[in-house]
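Structure record follows, encoded as structure tokens.
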Amino acid sequence: MFKLLEGPQTLGRGKIFWSCFLAVLAGALAYPLFADSYDVGNFAYFLIWIFMALGLCLMWGYGGMLSFGQTLFFGIAGYGYGVLAINMGGGTATIGALVLSVFLAMLAAGILGYFMIWGGINGIFFGIVTLSATLVLAFFLGQTAGPEWHIGPARLNGFNGMKGMDPLTVGDFYIEGSALYYVMIALIVIVYLALRMLVNSGIGNVIVATRENPQRAEMLGYDVRKYQLLTFVIGSGLAGLSGALYTSWGQFITPSSIGLPAAAMPIVWVAFSGRSDLTATLVGSFLLLFGFQTITVYSQQAALVLMGALLLATVMLAPQGFVLGIGRLVAGWWRGRRRDDGAVMAEAGRLQSEES
Amino acid sequence: MSAEVFSVFYQFADVFAFLILSAAGLAIVFGMMGVINMAHGEFIMCGAYVTVGLVNLGVPLAIAQALAALTAGLIGVLVEFLVVRRFYKRPLDSLLATWGLSLIVTQSMLLIVGSAVRGIGTPEGSFAIGGYTFSTYRLVLFGCAVAVLAGLYVIFMKTRFGVIARATMQNAAMAKALGARTGRIYAISFGIGTGLAGLCGALYAPTMTLIPTMGATFVVESFVTVVIGGANVLLGTAPAAVFLAMIRMALNASYGQIIGQIGMLVAVILIIRVMPEGLSSVLVRRGR
Amino acid sequence: MALVEVKGVSKRFGGLTAVSGVDLTVNAGEVHCLIGPNGAGKSTLFKLIVGLYPPTQGSIFFDAIDITAERPYARVQRGMSIKMQAPSVFKELPVRQNIQTALQERLSGAERIAEEDRLLTLLNLRPDSEKLAGALSHGQQQWLEIGMALALKPQLLLLDEPTAGMSPEETFRTGELIKSFNAEGMTVLVVEHDMAFVRQVAQRVTVLHLGKIFARGNLESILQDEKVAEIYLGKTHAH
């Protein structure tokens, strides 16, 4: 099964890649020992969004389904966590709230996805239908300021957003600060490796084959709609995981994390990073989130202008993504050097197939 | 005509006008070039700001609105030339590029002009039928929507440009081989599309608060209308707007705006499932 | 015994009737060729059999089961497999992965890899197995698609102009390949223009003209039929 960690669908293989992976992981695990807790909290905050980016990478890069609805499912699970955590009364129940809220997002994705995929919606229309649904949810939540909008004791609170839910808790122990950071790191490692195995498995073969040529995939006996729905539900569920973790991290959520311009952010991260590879998306999204947060401190608008400019620049200059492009360049250089040395060149990735 | 019947017509006309005016420009660009202009809302915003700016300078409203539409159209031609032109073979990339533009424009506007601009207020004037009072301006908007449809009909069905444009839409390579300057046709069509967006903003500017993010208000309506209307403005967008306006009107009246919007979205998603090829294909097929 | 029965099938596209009231039986174990001039409705009939279009009228049976309403993937699962007219492969994926995607439901592990190698060798694609399918020549893409169709080990193999873009030697080899699979029990329905190829493989021939069955029988009797020669050489006086 672990053989599936490597394969034609993912860049990075062999000893060198996995040594780097372990080194980065070790660094990430050691980080809280050297940093103050405020920075660790901030770091955990960047990591929240990675799930959403990986989910979009799966749908868009591997499945060929450009969903603009990541913040829709982020919002469903984010509000879902809030409502559930408030109603279920905190404590260890918050773990249940997290799981249930992600399930809720996946259920919503299943319903919306069923109508779109069985209706034969694809390409541009897939994007604008998911975006329409996202914006409608944001408008709806924005209009729930009145006291009549509540689910149990949980008030939706319109534009000001919902607050007062407990963070993730086990017994009496709040998962905050370093603890939350370690939970995030563990979740990211699990999700990243699981996605690598998924895309390199037989199911992954069908997912990319459907992206390439849905008719041919169907002519091999696959009900491509089911594979597309599965991809959409997993990808959107990851957005839901981000949403639930976000609400738990800050103990609030507002409609502005669903509507525009928030809905554009996952698109920017994944496009900039390189949608066709999970590792590129992981690295690139983290860099962008870090940069964005640094600039946001001075001016949120300026940071968003920059994100827009990055999206435009990516599409015009490097449609396959900047991080992926640089990654391939480095791997190519490495491979070339080893070739000069006359050494074996097993590790440097699947360049040959990529270059043509 | 009894007052109740007129009242129903009035509410229908109000929603219909909103749908047509917000969607027409998007539909033209999509129909001609297969491109969804994600900066559509920003062209609407542009039309609104130019209108309000000119009115505050003392220009009469109607002239300000015409100039605003023209401005949006010219900016559209420029955007087509600088950005959109590169992506005709990659429709998804054009979507991303225009979305990038949209982010840049909205956020820059927030940085430069800030969030609030003094509005100009809806032109007064109302009339009463039976016990009901109606705003004249809302009927003017309906008239404008009908005029836009009529204007598009004339441009695309009766003029030389329209013939060449439709030929380009059917088969760009062939039209080019026959001597049509497809590049210029695309630029003009894009300009017409963004000009209509500008007109939408100009017409609604007096009725709403001006904020740089106002484009988002129109985006959902224009998207869903184009989704079920498909590529043909006259045979697709117009009937789609009639259909959606009826749903919306019924729900608005009983449950309020937001439920109306949710209901419209749900209707669209159901229609996608039942009629995968969109409303226009059904109409076109029936027409044969 | 009939493997495929097409009963009174018509397909209209708007005002155009592409296939009109066609009855066709393909017997289990035979190589059956479908010939006819361009626009006769051969490819449309293929797409109707495999389910890419729903018929306007009529019904289609596979192994005595009515499959008219079934989606293409379900028909493939019943044991059909098609190679389309224009090469249809997964262009951005390596050649081996193309084959693998077709094989993985049937075989796994070492068995699958052995079968991949066998097919790649059979199709002369072994040296190119790590290349992207889109980088292959037109003829090689035809081979690859035939390979994917074969990988499913179908009861019925539908081949729409399998030799287009191939050299005479390659065409001959394709013919021999089809015969060898037929000898193992596979039923084959082929659309083909190349008469030498038809002569090489066909056991029964059906001529389609203007969407209707025009003649059927063995190749010799068909070729002696003057009316068939007329539609092929354009000597009809009807115009």
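By letter and in written order, the chains are A, B and C; residue numbering begins at 1 in each of them.
Operating definition for what follows: contacts are C-beta pairs under 8 Å (C-beta built on N, C-alpha and C of every residue); 3 or more make two chains touch, one makes a residue touch a chain.
Note that this is a predicted model, so its numbers are computed, not measured.
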Farthest chain (mean CA position) relative to subunit B: C
Most heavily contacting chain pair (counted by C-beta pairs in contact): A-B
Chain closest to the middle [Cα centroid of all protein chains]: A
Distance between the centres, which are taken as Cα means, of subunit C and subunit B, whole angstrom: 48
Separation of mean Cα positions, subunit C and subunit A [Å, integer]: 43
Between subunit A and subunit B, centroid-to-centroid distance (C-alpha), Å: 33
Of subunit A, residues touching subunit B in the complex: 66, 112, 115-116, 118-121, 123-125, 127-129, 131-133, 135-136, 139-140, 143, 259-261, 264, 267-268, 271, 299, 301-302, 304-305, 307-316, 319
Sites on subunit B touched by subunit A in the complex: 34, 36, 83, 86-87, 90-93, 95-97, 99-108, 110-111, 213, 216, 219-220, 223-224, 226-227, 258, 261-262, 265, 268-270, 272-274, 276-277
Subunit C residues touching subunit A - in the complex, by the definition given at the top: 50, 52, 71-74, 76-77, 81-82, 84, 88-94, 97, 100-102, 104-105, 130-132, 134-135, 145, 148, 152
Subunit A - residues contacting subunit C, complex: 8, 202, 205-206, 208-209, 212-213, 215-224, 352-353, 356
